[in-house]
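Look for chain A in each of the two complexes below; its partner is chain B in the first and chain C in the second.
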Partner chain A sequence: MKLSYFPGCTLKNHARNFEDSTLYAMERLGVEAVELDRWNCCGTVYSLSADDLMRRVAPIRNLIRAKEAGNRQLMTGCSMCYNTIKRANIHVRHSAPDLALMNAFMYEEPVDYAGDVDVVHVLEVVRDQIGFQALREKVVKPLAGLKVACYYGCLLVRPKEAAFDDAENPTVLEDLVEALGGEPVAFSHKTECCAAYQTVDKPHIVADKTYQIIGAAQSQGADTVLVSCPLCAFNLDQRQALTRQTYGDFRTLPVVYFTQLMAIALGGPESVLRLDLHHTPAAPLLSAKGLL
Partner chain B sequence: MRGEQEDEAVDMREAGRDVGRQGRTETAEVTVSIMGKPARVPADATIMRAIEHSGQQIIRGAGCREGFCGACGTIYRLPNDYRIHTGLACTTLVQDGMALSQIPSVPVEKAIYDLETLTPDVDTIKKVYPVTFRCVACGTCTKACPQGLQVMDYIQAAMRGDIAELMELSYDCVGCGLCALRCPAEIIQHKVAILGKRLYGRYLRKESEELDARLQQVQDRAYDDEYAELMSLGREALSERYYARDME
Partner chain C sequence: MTVIVSKEKVHSRFTAKVQRLADQNLLACYQCGKCSAGCPLAAYMDIPPAQMIRLAQLGMEQELLDSEAIWLCVSCMTCNTRCPKGVRIAELFESMRQVKLRARQDHLRVADVAAEELQAIPPIALIGSMRKLTS
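Right, the complex of A and B next:
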């Protein structure tokens, strides 16, 4: 299976652990993820103003690139990229005049966009196009005894029209962890917001959220929190330093990307995990569980 | 058969002459608006030549006159065309009805940095030119580039810390700054490009063993005598040596 792959900016630098593990896992599962030629930033956040078309040019331009590459599916692993591109796609599919306006603005592009590319998340590809059963059969190092709190945050399954799972009680990550041989725990805070960009100028709000979210995971005996978004990862992992300063009783917990657990279970070398990029070290936990 | 082909070739040359003659008589001059003032100028003039033909002396806004230095950035519009066009005055030909204005200088705040303290990655872009991240991928900079560079693509490369790509895509930038003037996000693309090229040159370029060996020879004073001899030559002898030099 060959898909156009949209990495997103953060996966190319601070989230190399997300990108390298994604590419390894995809290759092991027989998916040829071809990085989009000349891709640009997804736009980062989907603008909520109905007529803010300028901020939808970036995601739509990427869909033009996928079309140019001859692919009708654009796959991305980052929740934010997924959300922004998917919602822009939904918008133009429902508004022909807006799409015409955007195509006219991008007159230098050799092809027009016609709503004819599907945006898919890596998890969606694994669930619907590969299948958890097929994944299970490829696992060579089951995540035995690893208790995982699956964190969806805001953008992976919300709003409803952009979701590929139940928006209120999603289970795709839990199903993934199970297929990999791990133990998902019941997690009350799985769709809580991590406080997102408050991290820039009001990091104490993030510290509060991290205290609650990590604490809820620990109360269920989780060994780690699983994420699919570099901003969630930053807030839940890097901000543990501030959380610890703020709350004396806070205990740190490793945060990992779902693709890192996939890469481990599929027999990947430690180099694709880029464990050096974690704030709260994940290596001791993974070693203790016999996964490194 | 051969004869027929020759005949055809002769016909084509005849036709070409006719078109040429006609072209010269009918469009020998065109009317352009130079910074608001109409002027009749030769139809085959560059914008720069047209400005001078109209009797104006260019004091700022001209440099190499060969499309390399970027000093003569110009914007213009054409009749019945809503688009704003850009070009270098020295390499862009006039068209009838063209309304043009030279942009001899583009005000920007150039960042001051010490290359030795920087790293060739996205964090440096954030620190030195944070405005880069306002890019919305509208592509206006690319449309504006008189060099035909993929300006937006190199700004996007900067946003993900791909310094090698930033260098590669911006290599032919002449620094006219028209991209920066047109950018709705107020990014100063051409300065980000220079930062990228400096970072690449300082940290990412491939090492050249041959160059290192030659530099060592220079440092060991292996060429001091030849250098002294060259310095003692007159202009004529130097010129002779220059044009007779051994080239690949």
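Right, the complex of A and C next:
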């Protein structure tokens, strides 16, 4: 299976652990993910103003790039990119006049966009196009005894029209962990927002949220919190330093990307995990479970 | 907070502008409070979401634009997903931010963020905050 791949800005620097593990897992599963040439920033947050077409141009340009590459699907790993591009796509598919206006604005593009590329998340590809049964058959190192709290955050499940699972009680990550041989735990805070970009000028709010979310995972006996968004990862992992300063009783917990667990279970080398990029070290936990 | 309701404010151009920018009908809200109950940032807001919508219905421009609440919402969409009337509260918050930002009244000053923080924070957070909090 071949599709276009949109990495986004953060997977190319702060979240190399996400990108390297994603590309390894995709290759092992027979997915040829071809990075777009000349991709541009998706804008990271979808504009909610009814008249703000300008901020939807960037995502649509990326869809044109996928079309140029001859692919009908554009895959992202980053939840923010997924949400922003997917919603721009939904918007133009439902508004022919706006799409015409945007195509006219991008007159220098060799092809017009016609809503003819699907935006898919890595998790959707695994669930719907590969299937958890096929994934299970490729597992060489099951995550035996690893208790995982699956954290969805906001952007995979909201708004409903852009989501690929239930908004209140999604299960795709739990199903993935189960297929990899791990043990998902019940997790009350799986879709609770981490306060997102407030981390820039109001990090104390993020510290509160991290305290609540990590604490909820620990109360269920989780060994780790699983994420799919580099901003959630930063807030729940890097902000543990501030959380510990703020709350004397806070206990740190490793945070990992779902693709890192996929890479481990599929027999990947440690180099694709980039465990050096974690704030709270994940290596001791993974070693103790015999996974490194 | 003391709020004085007047016919002029209720029919103000501000209310019409907010509805147009958000493409929402403010009067659809019947004040059940579900948005405030589920909002992960409500605890930090000076005015919780449901009250913001009520103030918008009444055209309370100054109270709304001076609030801290408009800058705290991160569009997580929990309110939108749960609203029994299908009101998109996040869009209404965005429209009020836009009224400020389109008058070049920024909320975030990137220069105030420490250099080592700017290094550590991933680009998606920086771009996201600049798009939502600056013009």
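Everything that follows uses one rule, which is that the second predicted complex is superposed on the first by the 292 of 292 C-alpha atoms of A that agree within 3 Å, B and C clash if a C-alpha of one lies under 4 Å from a C-alpha of the other, contacts with A are read in each partner's own complex, and residues count from 1 in each chain.
In this text, a contact is a pair of C-beta atoms (placed from the backbone, for glycine too) under 8 Å apart; a residue touches a chain by one contact, two chains touch by 3 or more.
Computed from a predicted structure; not experimentally measured.
Engineer: Who does A:A104 touch here: chain B (first), chain C (second), both, or neither?
Structural biologist: A:A104 sits against neither chain B nor chain C.
Engineer: Thinking of the overlay built on chain A, is A:R61 touched by chain B (first), by chain C (second), by both, or by neither?
Structural biologist: A:R61 sits against chain B, while chain C stays out of touch.
Engineer: Of chain B and chain C, which one contacts the greater number of residues in chain A?
Structural biologist: In the superposed model, C touches more residues of chain A.
Engineer: So, A:M80: does it touch chain B (first), chain C (second), both, or neither?
Structural biologist: After superposition on chain A, A:M80 lies in contact with chain C alone.
Engineer: Check whether A:E192 is in contact with chain B, with chain C, with both or with neither, and answer first, second, both or neither.
Structural biologist: second
Engineer: Where does A:G43 make contact in the superposed view: on chain B (first), on chain C (second), on both, or on neither?
Structural biologist: In the superposition, A:G43 touches chain B and chain C alike.
Engineer: Give me the intersection of chain A's contacts with chain B and its contacts with chain C, in residue numbers.
Structural biologist: Residues common to the chain A contacts of chain C and of chain B are 9, 13-14, 41, 43, 55, listed in rising order.
Engineer: Would you mind writing out the residues of chain B in touch with chain A in their complex?
Structural biologist: Those residues of chain B that touch chain A are 121-122, 135-139, 142-143, 150, 152-153, 156, 159-162, 184.
Engineer: In their complex, what parts of chain A are in touch with chain C?
Structural biologist: Checking each residue of chain A against chain C gives 8-10, 13-15, 41, 43-52, 55, 78, 80, 154, 158-160, 167-168, 191-193, 195-203, 205, 209, 230-231, 234, 238.
Engineer: Taking the touch rule as given, give the residues of chain C at its contact with chain A in the complex, in rising order.
Structural biologist: Counting only chain C, the residues touching chain A are 20-23, 40-41, 44, 72, 74-78, 80-81, 88, 90-91, 94-95, 98, 108, 112-113, 117, 120-129, 131-133.
Engineer: Hey, which residues of chain A end up touching chain B in the complex?
Structural biologist: Touching chain B from chain A are residues 9, 12-14, 38-41, 43, 54-55, 57-58, 61, 105-106, 108.
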